[in-house]
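Could you have a look at this structure, given as structure tokens, before my questions?
Going in written order, the chains are labelled A, B, C and D, and every chain counts its residues from 1.
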Amino acid sequence: MIGIFGKLRSKHDRAVLLLVFWLLLALIGPLCSSYNPGAISSQPVFSGPSTAHLLGTDYLGRDTLSRLLDGIRHTVLLCFASTLLSCSIGTFMGIAAVTSKSWVEVLAGRVADGFLAIPSLLFALLVIAVFGTSTVALIMTMGVIYMSGAYRTSRALSQSVAQRDFVTMARARGEQMTYIIVQEILPNIAGPMMADIGLRFIYSVLLLSNLSFLGIGVQPPSVDLGSMVRENMLGVVYGSPAMIVPVIVIAVLTVGINVTLDSHGRKD
Amino acid sequence: MKNSLPKLIGKRCLAAATSLVFVVVTVFAVTNILPGDATDALLGQNATPQTVAALRHGMGLDQPIFFRFWSWLWAAVHGEFGHSLLNGLSVADAIGPRLHNSLLLAGAAALIAVPASLFLGITSAIWKDTFYDRIVSIMTLGVVSVPEFVIATIAVYVFSVRLHLLPAIVDVGSVHSLGQFLYAFFMPVTTLALVSLAQMVRMTRAAMADTLSASYIEMALLKGIGPVRLILVHALPNALGPIVNAVALSLSSLLGGVVVIEVVFTYPGIAGLMVDAVSSRDVPMVQACALVFCVTYLILTTFADIVTILSLPRGRKA
Amino acid sequence: MQLASFLKRRTVLKGSGLLAAGMAPQNGIAAPIFGGHLKVAGVVGSASETLDPARQSMATDYIRGRLFYDGLVSLDDMLNPQLALAETLDSDGFVIWRVRLRRNVRFHDGTVLTAEDVVFSLLRHQDPSVSSQQYALAKTMQSVRAISPLVVEIVLNAPNADFPAILGISNFAIVKAGTKDFSHANGTGPFYCEEFAPGIRVIGTRNPDFWGDRPYLDSIELIAIPDDMARHNALMSGDVDLIATANPRLVQMLKEGGFGIIESPEGTYTDLSVRLDQRYGRSADFVEGLKYLFNREQIRQSVFLGFSRIGNDQPIPPESPYFNHQLAPREHDPDKAQFLLKRSGFWNEILPMVCSPAALGSVDIAVVLQYSASQIAQKIAVQRVPVDGYWTQYWMKASLGFGNINPRPAPSLTLGVGFASTSPWNESRWHNAHFDGLLSEVKSTGNDARKRQIYWDMQELIASGSGVCIPNFTTSLDAYAPHVCGLRPSQAGQLMGYDFARSVWLRGNRGRAT
Amino acid sequence: MTATIQVENLDIVGRRGKGVELPIVQNVSFSVQRGDMLALIGESGSGKTTIALSLLGHIRKGCRIAGGSVRVAGYDITTLTPHECRSMRGRVVSYVAQNAGSAFNPALSIMPQVVEAASVHRILPKRDLEARAIDLFRALALPDPETIGKRYPSELSGGQLQRLMAAMALITDPEVVVFDEPTTALDVTTQIEVLAAFKAVLAERGITGVYVTHDLAVVAQIADHAVVLKDGAIREAGTVSDILFQPEDPYSQALLAAAEPSVRPTQGVEEGEALLEVRDLVVGYGRPTAMGLPENVIVNHTSFSVPKGGMLGIIGESGCGKSTLARAISGLQPWASGDIFFNGVSLAGDVTLRTPEQRRHLQFVAQNADSVLNPTKPIGKTLERVVRFYGNARGEAVTRRVYELLDMVQLSPALATRLPSELSGGQKQRVNFARALAAGPKVVLCDEITAALDTVVAAAIRTLMTDLQRDLGLAFIFITHDLHALQSICDRVAVLYAGQAVEVGSAEALGAGIHHPYTRLLRASVPLMDSSWLERTRERGLAKALPVATCDPASTPPELCCFLARCPDRVSGLCDKEPPPTLFVPQGPRVLCHLPTSTRPEFST
């Protein structure tokens, strides 16, 4: 036991532990809930906490706790996946743009700039039109929307790294592009990139709820945290936990992950 | 110096123009790929094939897409952005007042957010890794992580409904004095400023922390320079590039990313117009709005790039 | 036949009429006060808002229409047609209709209303390029011509006893002949159009030359606040005086805060339609099973919080004089539903069910139905799709999809549009020759008892045969600040059938100059 | 009389991150009398800069004064409030930092920075201050004293900036000036100018000073007393002549020994067959001009060769094109004309077009070990990758080979799991070496590899090179600006000036015989461990040349002698008219000059 805790002192392990915690909550949490997230109880809507419903009921009289666990599952899994997608591809492309020929960089830069200038709503609608409303489409949409941002950041970060001599050396040795990107440059921008990924994760949580509002997104009776807040917004006048608790969970989830990633990215 | 300043700026503007073309083409394509067209919004459930056909003909939607794009582009190049498919009003007339409103809101929010984020970013860079730094970081993250409609709605509920201090909706027409402006705009502007704060604070902090570790800062300290002069004269000019870039990105999202604020405060801005235009497939309106956002974005980022160039003495002299 | 006898003049009905209708005025009895400025918030506002009556399609459009325009006929709180710009309305076998206009009615620009204006206003709906909402109904008018400066003759292509109700539809409001530009309203209504900014607001000021009773308000401002919470906040903070479509979940709080609520039982319903010509709908057992699966009471309680009336799978609401109250709603019967669904052969399938925020309440109804289904181990995949494009891309196209139908001024219209075999809006593609026969018969009969009988039969046919499931009729809720008086419930829809501006007055010193 | 600077029992501790506090300075005491100059001598990590900064009341983040007292010009530094401290800094004590290039704010022009300290302390009105600054510029022999203040740091050379920084320190007429390695980053020919300027101004104003350095020859020129530091503690203190000529402490003796110039006897290597030959190489940037040359020529028609197992030194001052030349040879920088032959085969300009064998046999060890080693990879992994990449070993053998390589550069195998940041500068440079050896090269190109290292460590690295040359038969190209270093290991030398090899010959012969004027300047500029060297050299005009700053070598037409602008021996009508011929001095070097005179007697010593 002491060994394990001793190990956890390192920032890396703390970050991993936090991710594992949320992933476990996402995977196991819903199994522990006492109600189906779609189950409608006989309780009045927006009722307060009771023994039957620890966090009360939502706007349709469903158990808030069960829906919350379901919401955590979808938000965590979808946002993890899409952030991973957008950041890995965006980061890779950003570094690749720096290391490849100049016209590739210019072109990629223009396209990324263009994507950033197009409002994400339009983008989301396009992807719905093209890919439908499946979970895969959802992850794709969110992935594509934040890819340009990740691209920009990683390009900016890797520009100075690509000038460093160890990259020159690897090139002089005749290493493949992929090796240079993944092995030489990536580890050196991982820290600041992490902080950036953290912010992007927040945005994807918020975007998910906006997409649900538009019509794509998690399909009923499932829910994501942002949509849960949105659908129970009227509960604010009754101080309903159905609206307040998901807000707190979102804040704890995103701030926690950001703080951990920040300190992970910080050199000491 | 191989590149003179006008040449650099010209290059940057050319790049911006390329992006603009990309956006215009993409937006047009996207709006046309989307299922349905403007006749849906006008006729809805009562649509009949005859009225749909007549309407499409009247709007020119029965013409081939390339022809439509070309005629739009041709007119747009000549400063004519067409008429809304929905109400026949001139797009420029429809966007004008709303753009004015949006700029007012965004401008006011920027007036708060930019100095505030500079202050927070700089101070947390100075007191890096202290308790203060952590608190600022967690607070700004917290504010951005809570959906903005929650912040806005709760603010309205508390300040307008419960305390009757401020109006729940922004009546732009009633603003004639600074007092009225503050009264009407206080909440939306504050909310908007809050949600746009995080990114600017973080970038400012990073850039500033970087600069503060430079040896000319230590040198200035050893010359007996006071903290204010140290920050303003020595550190800030060198951190300006990344900060201005972050500010530009955040400001551009102030204009287009405020749909929620507009909805909650019933504010007639351009973001709402765009959403409306997209959902009703009002192509000329969508195009014009996208153009406005894109141009804003490009102007801001290009401006930021030029400021970055100018903030370096090389750039200033060239 | 002189119809003026049953189409009482609107002016007669006003004031005493509402008491006669058995609906108590709100805020006790007090003498109405003239003057003041009323600020109203509707729900939907967009750039597609229009001042062209033919194109009006949203609640806020209808409100504007009633502010600035009049029809030949108007519909009262019970959806009965009342003469408005028409002084008399005669019919010959319900095919030829003769309208005599009021004298000295003036448009806002000062010109006098003539038969020519009426002919123009009615015939323009037949021009597809006008893109009238009522193109289909307008097509039933074979000819419209002016007989004299004040008399218009309308010939229908088939008898229709409910034609006066059609003329009461707000889209058929009368505009000045030759009007093409609708950026400004030139009608005969009680308010002048002072400012019109689509999607932002409209301001009306009292028309001193109005032909009817003088409205109480000096001016009125209409805005749209789509967000529920924001709309209620605006009311509670005093920024607006009256809001349409109060959310049932906030009614309790509004009442506690001293705000008034008007509950208008309207015929609007959100229905699930099963395409009878596609996969699932081909099995009558399936449709029947689905109808038993609806837990109508739970939908009423959870989705509408009691502000609805339980439906019995046919479109005539309980308030209608022609409602067949012998036709009991189907009880929620999971066993029967399970039995029928099993027999239909689709038991093991996951049923795809399309809903959208566009069809109000459909997502929540779908969720409740999904829950009911889960209790008998029937899986339903709810597919929530975007608002935009819903009516053209999904509605009436999905095998199992939701619709949202607004009340029409006469049962024959409601039944004809939604269920006649030839109607393009026959949601479930239900074809019943007997029903079609009854429909044409009821249109040509003036005998009320016979009409009632036919309507009852039609309702039975729909409830048992069509693929449309109507679990509830919604109750429209309007909320108003304590100083707003003169509002009353109406079957014609929210805000007194969009016509509140002619009756509302403000208590105390609430007026402000405009 | 009390000393102007009095440091007693000073203890400073510091911590990295959240680690435990470690002592940085331990029980240090010294004093400096008014008008004296004290040298703080030590290698990196000796705490000399920490002590110097403490004289200004500045303690770096994470550190604190744990005990003792510091009194400077009557101020008790340890008890000052921040405000008092600010008012003292710059006014009473001022500081000249090591790297003027980074100590000037790049965003501001020179003048406001120079007068800033005086103006925030309200010593004089601004206009008077600028006049005083211009006087100082003149006193410090800066070019264009009237207008130099309007320029930006990026437009000035290191030597100029270093003198400007001295002006910045002197403008407030302080009682004490702390110099922190002010000439370390400069070329020798520049250093001599700067040192002379400093010395004159300090003497004239009677300023008390502390001079931090690791260069004993510089100490001999400028200081009266010296303190030798190691690991934060004083090893020895006394007058400069005592310490330089009769050191008692073994560490001082070691320092002196390492600083002693040694000349490697040429091992009689015949001009064997060239392994690597550079022929008429032209490298530059920009579009080609009408003559087919690039806009900015960096390396200008340079030729030399390295035999198998030979050790060629290339010497030149910063900006002479050394690194560009190295990059061109390594295939990282395409050239405009000329050829490079390896084993008789012409090499492609782009490294990716060379054969794997060529890439393997020609290895490059870059100047900055920090930048060459990927900071996120343990050094074992870095070596492993190179070994695997060139297919020199597989499986288990790879690890063995890595240990072998570490052993070869005299590092413990235990370091294989360390990250570069956990190693010292010398260790990193050894790893950098091992990385090149891992490929199994025939020629190793070393670009200023000892420049950033302490004297003792640099000497060890050079010894390593000679060992490898002997044991593995490797050929080296050793690029440096340090004549002593070059002479201690190389058998042949090429002197590079403004991109041209002005002289190519044997290293041993550098001390005598006929040479190019630039070679002579270089030779004379290297300070000797003799307190009168600076005066003697200046007086006799040995290192006489026009200051680098006053002329732009690039302004000379490329076909003429590149040293023309600075050459003290130029003959007008000849040197400024005709291109210099290549002369072969009998038993001497190949020289690019009209008059490679060696008539002056001091060359024969």
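Worth a mention:
Following the convention adopted for this analysis, contacts are C-beta pairs under 8 Å (C-beta built on N, C-alpha and C of every residue); 3 or more make two chains touch, one makes a residue touch a chain.
To keep track of the chains, here are their UniProt names: B = Dipeptide/oligopeptide/nickel ABC transporter permease; C = ABC transporter periplasmic protein; D = Oligopeptide/dipeptide ABC transporter ATPase subunit.
In this text, all values refer to a predicted model and were calculated from it rather than measured experimentally.
The chain pair B-C and the chain pair A-B differ in C-beta contact count, and the higher one is B-C. The most central chain, judged by C-alpha centres against the centre of all protein C-alpha atoms, is B. The mean-CA centres of subunit B and subunit C are about 40 angstrom from one another, to the nearest whole unit.
In this assembly, the C-alpha centroid of subunit A lies 23 Å from the C-alpha centroid of subunit B.
Centre-to-centre separation between subunit A and subunit D, using Cα means, comes to 49 Å. In terms of their C-alpha centroids, the spacing between subunit B and subunit D amounts to 50 Å. Multi-chain contact residues of subunit C (touching two or more other chains) are listed as 229, 386-388.
Among the residues of subunit B, those touching two or more other chains are numbered 34-35, 153, 157, 278.
Shared interface positions of subunit D, defined as residues touching 2 or more other chains, are absent. Looking at the complex, you find that subunit A touches subunit D at residues 164-166, 168-169, 171-175, 183-184, 187-188, 190, 268.
Residue ranges on subunit C touching subunit A, taken from their complex, read 228-229, 232, 247, 249-250, 253, 298, 301-303, 305, 356-357, 363-364, 366-368, 370-371, 374, 381-388.
Residues 34-36, 39-48, 50-51, 53-55, 57-58, 84, 86-87, 89, 94, 97, 153, 156-157, 160-161, 164, 167-169, 171, 263-266, 268, 272-273, 276-282, 285 of subunit B are the ones that touch subunit C when the two sit in their complex.
Interface of subunit D with subunit A (complex): residues 16-18, 330-332, 351-352, 356, 359, 364, 366, 368, 371-377, 385-386, 389-390, 435, 439.
Residue ranges on subunit D touching subunit B, taken from their complex, read 53, 56, 58, 85-91, 94-95, 97, 99, 102-109, 116-117, 120-121, 152-154, 168, 286.
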